[in-house]
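Two complexes, one shared chain (subunit A), two partners (subunit B, subunit C).
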Partner chain A sequence: MKNKKSRLNFSSGVTSVAASLICIIIGLLVGLVILYGINSENALDGFSRIIKGGFYLMPKGIGTVLSQTAPLIMTGLSVAFAFKTGLFNIGAAGQYTLGALGALYFALVLHMPWYVCLLAAMLFGAVWGAIPGIFKAYFNVNEVITAIMFNWIGLYAVNEIIYRGALGNMYDLKTTKTYSLRNVSPQSVIPDLGMNQLFKTKSTTIAIFIAIAAAIIIYIIINKTTFGYELKACGHNKEAARYAGINEKRNIVLSMTIAGALSGIGAGLYYLSGVAEWNPQVSTALPAMGFNGIPVALLALSNPIGVIFAALFVSHITVGGGYLPTKYFQPEIADVIIAVIIYLCAFVMLFKGVVINAVSGRKKKKAENDPTDNGADGKEADA
Partner chain B sequence: MGNSEYIIEMLNITKEFPGIKANDNVTLQLKKGEIHALLGENGAGKSTLMSILFGLYQPTSGMIKKNGKEVKINNPNDANALNIGMVHQHFKLVECFSVLDNIILGIEPTKGLFLSKKGAREKVTALSDKYGLKVNPDALVSDITVGMQQRTEILKMLYRDNEILIFDEPTAVLTPQEIDELMKIMKNLANEGKSILFITHKLNEIMAISDRCTILRKGKCIGTVNIKDTTKEELSRMMVGRNVSFKVDKKPANVKETVLKVENMTVPSKVHKNNAVKNVSFEVHRGEIVCIAGIDGNGQTELVHALTGLEKISSGTVWFDGADISKASIRERSKSGMSHIPEDRHKHGLVLDYTLEQNMVLQRYWESDFQKAGFIKQGAVREYAERLIEQYDVRSGQGPVTIARSMSGGNQQKAIIAREIDKNPDLLVAVQPTRGLDVGAIEYIHKQLVAQRDKGKAVLLVSLELDEVMDVSDRILVMYEGELVGELDPEKTTVEELGLYMAGAKRTTA
Partner chain C sequence: MFLLLKYTLLYAVVLMLVALGGMFSERSGVINIALEGIMAIGGLAGIIVLVLFGGKMPAAALVLVSILASAIAGVLYSLLLGFSAITLKADQTIGGTALNMLATAAAVVIVKAYNNAAAGGNGSASSKLSYSNTEFIFNAGPLTYNIFLIIGVILLIVAYVFLYKTKYGLRLRSCGEHPQAADSVGINVYKWRYAGVMISGFLGGLGGFAYIVPSVSTWNFEVGVTGFGFLALAVMIFGQWKPFRIAGAAVFFAIFKSLANIADATFLSNLHLSKNIYDMMPFIASMIILAFTSKNSQAPKAEGIPYDKGAR
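Let's look at the complex of A and B:
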C-alpha cells in the first residue's frame, strides 16, 4: 500500500507532479471558457486542436514540437538551475541572444562543424550569464536588474553586429535575415539522423536528445555532487553555507555562468537546427524562448527532469494553438491559454500545499502513533 | 455567562500531525487571576497546545470552554474576540514603527479617514502606569531593547482588553535584570485580575511566580500541581521522567598547552562606527573550558565570528595550534581543527530545508569519506548520519531523511552538537549551546562539553546564563563593551561579583 512507499518520495515526487497537473488542467479549462466567449460554435473544435497539439498534424506537427522543445528545455534548465542557488535568472533571453550570435558567427562566417558552433553558443551565453553573477557576488547588485539591462544590451549589440547597416557578413539582403544555414554551411547543421524524413520536416534534429541529456546531467550535478550540495545550501541559507566554509560568492558566479551556458546552448540548438534565421530588424523584442524558460522552470518546480516534460507540454500547446482555424480564432489564443497556465504556475507551490494536506488527511487515519519525539512543536513546524 | 471556577478550560485536547501526536488527550484548566505555568521539554507539545488556544491550529479532538461555555477558536481573531492575547517567543512587531503605532496596529482609532492617536496615547500611558510597564510610546521599535519590545507586546494585549495572557517562553531573550522586571510585571497583572498562562522550561521562574503548573511530556499531560506543595526536583522529574542533576559533575581541569592565542584583536562593528571588539587578548589551553561571560551584545558575537572566520578583524593576531590564522578562510580554520556551535542555529547552524543527514555532513561533505571525484557518497552519508543520530540520541520523525525544519529546537541543537563534536576538534567554540533547551538537554550538553575537556580538547564557551558560567567553566573571562574586563576563577568568585563585572561596575585588567 501507499504507506509502504518511502514517505519522502511520496511527498516530494507525487505531490509535485499532481500540483503541476492541477495548474495545467485549470489553465486549459480557462482557455476553453475563453474560446467559448469568442466563438461558442467552434470552441470545442478549437480546443481539441490545442489539446492535440502536434498530434493534430501527424507527423509534421510532432517534428515541430520536438524542434521547439529542445531550446525550451535549455532555457528552462537555465532558470531552474539558477533558482536552486536562490538566484532569479531573468537574463535567459539575453544569454540566449548571445548564444545565437555565437552559433551563427561560427557557422556562417567561420563555417565550423556543428558541435564547435554549439560550444561557441555555450561560451557566449556563459559570458553573458557570468556578468550579472559577478555583479551580484562582488558588488551586491541585484541580479534581476543587471540581467534585464544585459538582456537589452545583448539584443541591440547582436542586432548591430549582424546587420551593420545591411553590410554584415551574416546578413542576407534578399531575406532580410541571416543566411540560411543549410545553403551556406551545411556542416554546421545539427544532424537529424533521418528524423526529418520521419516527420516530414526540415528542422527536426538530434537537438532534442542533446537537450534531454543536458537535463539529466544537470539533475545529476544538482542532486549527486558536492557542487550541487553547495549550490543548494547557498540557495536555501546563505549564512549557513558561509558558516560551512562554502565560498558563496564563487558559487553565485558559477551558478549564473552555468545558467548562461545552458541558455546559450538553447539558442545553438534552435539556430543550428535551422528552425529559423535571425532577423536583426524585426528582432527588437527579446526572444520569447528565453522568457518562456521561466514558466517552464516554475511548472517543473525547478526539477531538471520535470523541465523536460514542462517544455514538451508548453511546445505542444503552442504548436496546437498554431492549428486553430484562423477564420474563427486568432492564433494568439494559444498564447492566452499558455499565459493562463503560466500565471497559474505561480500557484504551483500553493497547490502543492493543498495536495499535501489532502494526502496527509487521508493518511492520518492509518498512521500509527509514532514513538519518536519529532518537531510537532508549533513554532518549528509552521515556518 | 457561566459561573465556572475556570476562565479557560482546554479539555481532552488531541492534535495529530503526520507521523506524530503533538498533544494526546491534554487537559488544561486556567483559574481567573492565577499564573499558570505550562512546563515541558522541547517538543513536548507546549507550543502546539497554545497555538490551538490562540486559533493557529485546530485540535483533532477535544473541546475549549470559556467561563464554562464551549467556544470555537478558528483563528487569532476569534481568540482576540474572546480576550485571549499572546506574547510570542519571537516578537511580532514592526521594526520601523513606533511603540504606539505597534500597539494600535490592526485596531487603529480613526476620525473619518485619518488616524486619531490622542485617545490611544492616553490609554497606553494609563496602562503602562498602572502595570509598571515603562516604555516610551514614541521610540522606534528598532531602537529599543528586547525587554522594552516585550513590554510593548504586553501593552498590545492590555490595549485590546485581553483577560487571558499567554507568554511563550518570555524569559529566553532577556537579561537577568530584565527577567526580574518581567516577573514583577506578571505578578502585577495577576493581582489586577488577569489570568496568565506561562510557557517555560525554567524551573526557577515557575517556583518564583506561578500558582499552579501543568506538566506535559511527549504530548501527554503528566499532571497539574500546586507550586506551594512541590519542589524543583519533583517538577523536573515529572517533566523529564527521571531524576536530573542540576550540578555539573566534573573533575578538576588538567590544563595543558595553548591551543588558541588571541593578541590585541580588534573587530569593527557592523551596526555602529565603534569597534565591537576592542584590543582583546587571551589564551585557551587544552583540557580547560574557558567561558566568556557578559550581557548580550557586548561584543561576544563579533569575537566568535572573528575567531571562526565569519568576520574580518581590523588588527591583531589569532594563533591556532601555533599557526597564524588571522586571515585564514572559514574552511581552513575548520580543517585545522576548530569546531563552532553557532549562536543562531537557524541562521548559521542548519540549512533548514536540508534533511538531517545533509545537515550532519555540512562541515565535512567535501572530505574523502563522503565524496569521490565530486560525487557525494549517499551510502556513506546515510551511515554516518545514522551513527550520529544513534550516538547522540537525535530524535526526529523520519530519521536521516527528516527535513531539519520540522525537528524540535532541542533536537536541532543536538544535531549541531553531534556534528561539531564528532569532528573531533582541538578547539570547540560553543556559543550559548543550551539556549532555549530544557533541563534534560542542558544536562546532556554540559556533559558533552566536560567530556571534550577531559579528552584534552580546548573548549571556549560563550554564555549569558550565569548558572552555566559558574558551573561549567574552569576559567571565566568577562566581556563588557567589547573589552575583556576581568578574569575570574569560578571556584573563588560569586554570582554577585560576576554580575558587577558584567555590568561594567568593576574591572581588573587594564
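Let's look at the complex of A and C:
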C-alpha cells in the first residue's frame, strides 16, 4: 500500500511539472504568433531574444534577471502561501506598495541599516495583508474584492504620503522621485558582496539568497509544522477544519498576514537594492511585480520550492522582452505571453488529469477515485 | 453643482452597465472578475473604429458602428472566460485574473504597434490614442449629456424585463441558483451560462467604451480602465444582484467618484485635500458598505462552482 502511494505521488509530481511546461510552451508559441503578426521579418530574431532572456546580454543580463527574481520569488511565495489556505491573494501588489513605503521610510527618513528597513517593509506589508483576512473572516467579504480595493487605496495613500512628506522628507523635487538611497543613506542598501562587479550591474545584491532562504522557510512551515497543517486543512475544507477544532477565522487572518509580510519583504528587497526609487507622480498603476507573483505561484502549483524556478523563468522572459528591438516590437509582448500562461494555468489541473490518464490508462479508475488527482479545483493545487 | 451632476451621470451609467453585465454572469453562475479586462478590450475596439473611420462616415453611422464594435469585442473576449470557466471547469477567479492581465498587455501591444506603423516604423512607442468624441455628446439645458445615458436607461429596463418577466430570464437565474435542478427539467446549464457570460461581455465592452470616450479625447491604454471594472463588481454586490438596486448603487458610487473631478473647481477646494485622497474615496466607501452588507448577501447560490453533470 505504502509503495503504491509513493508511486502515485511521484507520478503526480512529474505530471505537475509536465503540465506547467505545457502551459509555458503554448504561451511561448502564442508569443511567436504575435511576433509574426506584428513583423514577420524580424519575428525569429525577436523570439530568440525572448527565449535567451538574460543570456542575451552577458553578464549584465544575468545580474538583472537575478535582481528581478528576488522580489518576484517573494510575491510568488505570498500568493502561493495564501493558496495553501484556499485564499487568492490578488492583493500582493498593494502589500508590495506598502512594503515599499516601509522600506523607504526607514531608509530615507530614519537612516536605519538595511536589515531593519527590510523588517519594516515586512511589517507594513503584513498590516496591509491582514486587512483582507479580517474582512474575509469577520465580515464575509470575498478576499479578492477586498484585496483589489485595498490595492488602490494603498497606492493612492503611499503616493500621497511620499509626495506630501507626511512621514518626513522622502521626495526629491529635482528627480520627481524619492531620494537616491546610495546618496542619502548608504547603510540602508542591501550588501552585494561584489556581485555588482561580477555582473557589471548596479542592482544585484544578496537579495536573491534572502528570497531563496525565505522559500525554504515557507516550505518547512507548510509541510513540516502543525501550523502549516492547520492552514492546509482550512484550505481543503473549512467546515471539516472547524469540526476538528481548528480556529479557521484566526488561520485565515494569519495566512493573509504572512502572505502580506512576504510581499512586503519583496518590496524591501527591490527598493533597498540601491537603484530603485518610488515615483509618486508617475506611479498611477500598481507595481507589476505584485501581479506577477500570481503567474509565478500558479506556474509553481503553489509549491514554495517551485516558486524559485517559476520566478526565475518569469523574470527571464520579462528581461528578454526588454531586449526586443523597439523599432519593430513592444516589450509588453512578454506580458502577453505571461498572461496567456496564467490563463492556461487556470485549467492546468485538467492537463494534469489528461496526462495521468494517458500515461497510466489502466490506473484510470484509481485516479478518478483518488481526490488528490481529481483536479477540478485548481486553487488547492497540491504538488 | 451642475459639474457634480455631469460627472455623476457619466460615471453612474458606466458603473451601472458594467455591474449589470456582472449581474447576468453571476446570476447564471459564473463569477466574472474579468470585467476590468473586458472593459479595456471593448474600449479599445470602439476607439480603433473612431480612429480609423472618424470623419469618413456619417456621424450617426460612426456612433452606431463604434458602439457595436465595443460590445462585440466584449462578447468575443468574454468567450475566453466562458471557455475556461464553463467548458473546461477551471477556477473562475484565476481565469478572470489572467484575462484582466492579458487585456491590458494586449491593448498596449496593439496600440503601440498601431502607433509605430502609423509613424512609419520609426520606433514610436506611445500607448495613447487620440480621437474625436463630439458625436457622442449633446447639450440640453445647462447640462452636457452623452448618448450612453439613453442607452443605459433602455438597457436597464430591458435587463429587468428579460430577467424577471420572461421564461429565458427564469432559466438563466435557475442555472445560478441550483443548476442540477435546472438540468433535471431540461435546461441546458452550459448553454445558459455561456449566455450569461456573453451578455456580461456585451455590457462590459459597451461600458468600457462609455467610460473612456465621453470624458476625454486621448486615452493611455497602459492604465486599462483604472479599476473601474472592480468598482462595478462592488456596485453589483451592493445592489444585491438586482437591476434597479444596482442602478441606485451605481449613482451612489458615482457621486464619490465624481468628487475627485470637481474638487478643484468648487467649494471643495477650500478643504485642500489632494487628488489622491479623492481617488481613494470610492474604494473606501465600497469597503465600508461591503463590510455591512456582505453578512446577509443574496448572492446566487451556485456562483463560482463549475457545473459538473455527474456531481451529486
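What we mean here is this: the second predicted complex is superposed on the first by the 348 of 383 C-alpha atoms of A that agree within 3 Å, B and C clash if a C-alpha of one lies under 4 Å from a C-alpha of the other, contacts with A are read in each partner's own complex, and residues count from 1 in each chain.
Simple rule for what comes next: a residue touches a chain if its C-beta (ideal position, glycine included) is under 8 Å from a C-beta of that chain, and two chains touch if they have at least 3 such contacts.
Since the structure is predicted, the reported quantities are computational estimates derived from the model, not experimental observations.
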Partner chain in contact with A:333 - subunit B first, subunit C second, else both or neither: second
First (subunit B), second (subunit C), both or neither touched by A:173: neither
Subunit B versus subunit C as contact partner of A:224, first or second or both or neither: first
Comparison of subunit B and subunit C by subunit A residues contacted: C
Touching both subunit C and subunit B, counted on subunit A across the two superposed complexes: 376-379
Touch list for subunit B against partner subunit A, complex: 15-22, 42-48, 50-51, 56-57, 88-90, 168, 218-219, 308, 310, 329-332, 334, 340, 342, 347-355, 358, 362-363, 365-366, 371, 374-376, 378, 395-398, 401-402, 405-409, 411-412
List of subunit A residues in touch with subunit B within their complex: 6-8, 224-227, 229, 232-233, 236-237, 239-247, 360, 363-364, 367, 369-370, 372-383
Residues on subunit C engaged by subunit A in the complex (per definition of touch): 33, 80, 84, 88-91, 93-95, 97-99, 101-102, 104-106, 108-109, 112-113, 116, 121-123, 125, 222-223, 226-227, 230, 233-234, 237, 274, 276-277, 279-280, 283-284, 286-287, 290-292, 294-295, 297, 306, 308
Partner subunit C, residues of subunit A touching it in the complex: 34, 38, 88, 90, 135, 139-142, 144-146, 148-150, 152-153, 156-157, 159-160, 163-164, 284-285, 291, 294, 298, 326-328, 330, 332-333, 335-336, 338-340, 342-343, 345-347, 350, 376-379
